[in-house]
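Here's a structure for you.
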Amino acid sequence: MKSIRTLKEKKDTAILLIHCPDRQGILATVTEFLNRNNGNIIYLDQHVDRQEMTFYMRVEWELEGFTIPRDKIGDYFATLIAVPLEMTWKLFFSEEVQRMALFVSEMPHCLFDILSRYTAGEWDVEIPLVVSNHRRLEPVAQRFNIPFHHFPLTPENKAAQEAAELELLAAQRIDFVVLARYMQILSPAFISRYPNRIINIHHSFLPAFAGARPYHAAHQRGVKIIGATSHYVNGELDAGPIIEQDVTRCSHVDTVENLVRKGRDLEKIVLSQAVFKHLQHKVLVYRNRTVVFN
Amino acid sequence: MKSIRTLKEKKDTAILLIHCPDRQGILATVTEFLNRNNGNIIYLDQHVDRQEMTFYMRVEWELEGFTIPRDKIGDYFATLIAVPLEMTWKLFFSEEVQRMALFVSEMPHCLFDILSRYTAGEWDVEIPLVVSNHRRLEPVAQRFNIPFHHFPLTPENKAAQEAAELELLAAQRIDFVVLARYMQILSPAFISRYPNRIINIHHSFLPAFAGARPYHAAHQRGVKIIGATSHYVNGELDAGPIIEQDVTRCSHVDTVENLVRKGRDLEKIVLSQAVFKHLQHKVLVYRNRTVVFN
Amino acid sequence: MKSIRTLKEKKDTAILLIHCPDRQGILATVTEFLNRNNGNIIYLDQHVDRQEMTFYMRVEWELEGFTIPRDKIGDYFATLIAVPLEMTWKLFFSEEVQRMALFVSEMPHCLFDILSRYTAGEWDVEIPLVVSNHRRLEPVAQRFNIPFHHFPLTPENKAAQEAAELELLAAQRIDFVVLARYMQILSPAFISRYPNRIINIHHSFLPAFAGARPYHAAHQRGVKIIGATSHYVNGELDAGPIIEQDVTRCSHVDTVENLVRKGRDLEKIVLSQAVFKHLQHKVLVYRNRTVVFN
Amino acid sequence: MKSIRTLKEKKDTAILLIHCPDRQGILATVTEFLNRNNGNIIYLDQHVDRQEMTFYMRVEWELEGFTIPRDKIGDYFATLIAVPLEMTWKLFFSEEVQRMALFVSEMPHCLFDILSRYTAGEWDVEIPLVVSNHRRLEPVAQRFNIPFHHFPLTPENKAAQEAAELELLAAQRIDFVVLARYMQILSPAFISRYPNRIINIHHSFLPAFAGARPYHAAHQRGVKIIGATSHYVNGELDAGPIIEQDVTRCSHVDTVENLVRKGRDLEKIVLSQAVFKHLQHKVLVYRNRTVVFN
C-alpha cells in the first residue's frame, strides 16, 4: 500500500525496566544516578509489592545531554547500581525499532486490525513477515505489502516446520512474535527461544474456558459476560502471564454465533492493546504475573 | 427501625412464565387468549432458542376487567392453552408479596445492602427472618427489626440443624432463600426443597475461581479484571444457573486485600440485582441456564 | 484485494419494522396474519412505550412457503393490517443487499475498520464508493479496491460539490451514508435526502462535548471516563438520534494525545456496531430517539 | 447499633501530598530526605504533567523509627525541601481520624450505603452528625446511632440556617462534608469554608445533564448509557473537580423510573468510592481537575 504512514517524531530516549528485592533508597539511587549525569527523566513509574518485598520500576530519560555515552550506559548502570542492588534489568533505546512477526491461521480480524494500525502509523514497529499454516490470509498480507510465508503443518512435519520458522525469524532479526488467532500450539522448544516475547490472544476471560471452543463452552454455561485475554505464551496452554483482558455483556438471546461475532471485536482490541504496551516496554513479567505500567 | 418504607402503589396483575417446544402461532394464541378475555397486557417479552427449538415467554396483564376470575385463570389456561401446546408454566399474582429468608455468616456488606433496600421500599418483599451460623451479624438484623435465628454448625449437627432450619422456613411460608455471603455448603436434601429458589453470590467471575478463596486465586493468576456471580444453587458447587454477573478492573497494584474490598461492592450490587429480577418473576431456568427478561 | 470474502448463506426472508399507537391485539393481529399465510417467523421483538402509548415491532419471516407473493406483501399488509391500525411501517427483503457510501477526511482508523469487516465478509453490504474532501486516504480505498472520489471543499464550492456528491450517490443507488470521521458539516439540503440514513461517529459521550475538539474539552474538564457516540444525522449538530455509545476509563495520567489514541478504538467499534445494527434493519427512529432491537 | 465495627489495626504513618513546578531531582530529593531520616516508605506515587510542567506526589512512611519528631516534620520539610522547591503541600497523620458530616434530603440510598460501610468498619472515619432539610431520614440516622440535625429551609431563612449549620460543623470539628443526595444548593459563603472538602454526587455523567432532573433529560435525549459523578463542590453548579465517575447501559426499554432505579446503584457506589479516596488523602486538586492516586 502506498504509505499513509507518518509516525510522530520521537525523542531519542533510553528506557530501563527493573525489578529487585525492595530496600530503602532504590528510587533515590536510580533517579540520582540519572540526574547526576544530566538525564532528563520524562517517564517514571514504580511499584512495590510489599508481600513479595519486590521493587519494580520503569524509567525513561532523554539521551540528549546525558553525559554517559549510549553504548556505555549498560555497563555503568550494572556496575554502579544494578549489581549492588541485586537488580534484574533491561535497557532499551527508543531509536531501536522493534521487529514483530505475525502468526495467523484463517481468521482475519486480528490481522486486519494490526496491519491497519501499522499502516496508519499508530505503532512504531516493523513487521517484516506474516507466517501461517494456511493460505487463506495471504491476500491480506500481500495487499498490505507484508511478505507471507506458508508453513503447512501436519503432525509429522511439525518439528521440521518449526525449525524452519525459527530460522526465518532469526534471519529477519525478529524481536517478538504475535499470535493473531494462530490456531496451533507451539512446541516448548519454540517457546523457549522467545521467553515472554510471544503474545497470544485467547478468546475467553481466562482462566475461564481455557482450551478449545471457549464460546461454545461459555454458551453452554450460560454466562452473562464474555471476554478475551492476551498473554505471554509459556509452556502451559493458556496459562502464561496475562497482559490485558476485556469483557462485554451477553444474554440468553445470544447464540454461539453471536458470541463469536461480539468476541471478534474484543479479541482484536485486547490483542492490539497488549502489543502496544509491549512495544512501549511497559510490561514486566515476574512469577507468571505482569506489571503493566501506565 | 421506624419505617421510611413507602412502596409505590402497584397495579393488580397476573404474570405468566412459560416455556414450551417452539411451533407456529404460540405468541398469537397466548395474546389472543388474553385479549379475548379483556386482559390488558402491560408487559410482554418472548424469546425463541432456535437451536433448542424452545419458546420462552413472560406476559403480565391487568386483572381489573379480566373476565376470568383470578382463582380460575390457572385452570382455564392449562386446559385451553398449556396442555395442547405442551407448555411448562407458572402463574403469579402481583398482590402476593413474596417471603424471603436471608442466610448470612460473618460478612455484613450484602446483608446491609439488602436490608437497606428493603427498608427504603426499593423492593416489594417480606423478610421475616435472618438465619446465621454465627452471632456476629445479629445486631445488624436487630436494628432493622428482622428476627435473627442462630444455628451454629458442626459436622456432627449439620443434618439436624438443616432440618430445623427447613422447619422454620416452612413455618414462615418462605418462598425463596438468599445466601448473602453464607459460608456453608447446603446439603442436597436442603437444596431439593427450594429448587431454583435459592440465590447465592459467588465472589468470582464464574466459572473462573469456583470454590474457596477466589480473590487469592485471582491475585495468584494475575488477572486484570475481577468479578462476581449470582446464581441459583443446584447440587453442584458454584455450578448452578447464572442470573447476573459483573466485573471491575484491577491491576498489579492491587493486593488481595484490595481485591476483597473492590469485590465487596460488586458482590452486593450483583446479588441485589439478581434478587430484584427474581422478585419480578423475570428469571426462567432451562437446562442449567437462565432466560432473564428485561 | 483478492477476495477472502465468504458470506454465510442466508435465508430468503422479509422484515417488517412497525410503529403505531398502542392498542389491544396488535401483536396477535400481526403474528396471526403471518401464521395464516404460512410465514415461519424467525425473529420477533416488540416494545411498548407506555408513556407515549406507542407500539414498536420488528418481525422477520421466511419467504419460502409464504403464500403471499413477494411483490404483493406490501399491498396486502397495508390494506389488511397497517391502515386499520394506523401503522407506520417499512418492509425489507434480506436478498436486497444494501449499498453504502463512505465519507472520510484524513483519519484512517474507522475507514480501515469498516473496509476490513467488509473484506472479511462480516457484513452483507456493498460499498461502491468512498468520498473524501482530502486525498490522504485514497491509497487505503484503492488497496481495498473501492473507487475513491475526491471532492475538495471550500466555502465557495460547497453547494456545488454537495450537489455533485448527491448525483454520484443517486447514480450509484446508495441506500445509506456512513461518515467515518468526515470532518465537514453536511448542509440541511444534503441531509434531507437521506433522512435517518446518514450515520455519524462523534468522538465524545454525547451530549457531553458536542462540537469541535471534544478530547481537548474532556481533558480540560478532568473527566474520568471518555466515550464515543454513533447517531443519525439530522439538521442540528451532534443532536441526532443516538444509535450506540461506549466508554472507556481515563485518569490524570492521560494527556490529550492519550485520549485521542484511546478514543480511536472506541470510535471505530461504536461506529461499526451502529452500522451493523442499521444493516440488519434493527434501528427504528421515533421522536429523535431510537429503538434498537436485539 | 451494637457495634460490629472492627477496624484493621493500622500503622502509624505520615502522608505528604505535594505539587510544585517540575524540575530535575524532586523525587530524589524527597525520597532521600525520608531515607536519611530513617523513614520507611510504604507508599509512593508521583505524576508529572508535562504540559503544565507540574509535579504531583503522594508519599507515606512509617513514623516508627523516623528520626524527626512528629510535631516537627512540617517545619523541617518546609524549610529543607518545600520552600526551596516552591512546593504546595499538605501533611497528614494516619492516627488522626477524620470527622465527616453527612447532608441528606429525602432519598436514603446513599445514606444507607455510607452508614453501612461505617458500621461495618470499612472506613476509618468518624461521623458525628447527619444534617437534613427534611425529617424523612431521621429514623435511618437514629438507628445507626448518628445524631440527626434538622434545618428546614426556606428562601428567607437560608442564610441564617447555613450560619447555624456552619457553627455546628465547627463545634464538631468537622473535616469534610459529604452531600449524599442533598437537594439544596449551598451558598458560596458556605462552600468557601470547606474548599475542596465538600463532596457531592450528581446523578449524571457530567458534564452531560448538569442541573435538575438529569434522568428525565437523559431519557429525552435517548442516550444508551447513564452515569453518576462525584466531585468537589466549588462555586459553580455541578462544575467542581471530578473525583470519580461510573456508567451503566440503558436502552429504549428503560423508562425514566428505570433510569432512576439503575442510577441509584451507580450513585451510591460512585459517592462511596470518592469518599474512600478522600479519606485516604489520595485526591489532589489542581486547576479544577483532580489527581487521584492509586
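Order of writing sets the chain letters: A, B, C and D. Residues in each chain are counted from 1.
Rule of thumb we're sticking to: a contact is a pair of C-beta atoms (placed from the backbone, for glycine too) under 8 Å apart; a residue touches a chain by one contact, two chains touch by 3 or more.
Predicted model, so just to flag it, every value in this text is computed and none were measured.
Trainee: Let me spell it out: compute each chain's centre from its C-alpha atoms, then which one is farthest from subunit D's centre?
Mentor: C
Trainee: Return the chain pair with more inter-chain C-beta contacts, choosing between A-D and A-B.
Mentor: A-B
Trainee: Nearest whole angstrom, what separates the Cα centre of subunit A from the Cα centre of subunit D?
Mentor: Computed from C-alpha means, the inter-chain centre distance equals 38 Å.
Trainee: Please compute the C-alpha centroid of subunit A, do the same for subunit B, then give the distance between them in whole Å.
Mentor: 42
Trainee: Residues of subunit C touching 2+ other chains?
Mentor: Answer for subunit C, listing residues that touch two or more other chains: 50, 251, 253.
Trainee: What residues on subunit D touch subunit A, complex-wise?
Mentor: Going by the criterion above, the answer is residues 24-25, 27-28, 31-32, 35, 40-42, 44, 46, 48, 50, 249.
Trainee: Where on subunit D is subunit C touching in the complex?
Mentor: 47, 49-51, 56, 205-209, 221-225, 227, 241-247, 251-253, 255, 288-292
Trainee: Using the touch definition from the top, list the residues of subunit A that touch subunit C in their complex.
Mentor: The contact residues of subunit A facing subunit C are 1-4, 108-109, 112-113, 116-117, 119-120, 122, 136-137, 139-140, 142-144, 253, 261, 264-265, 269, 272-273, 294.
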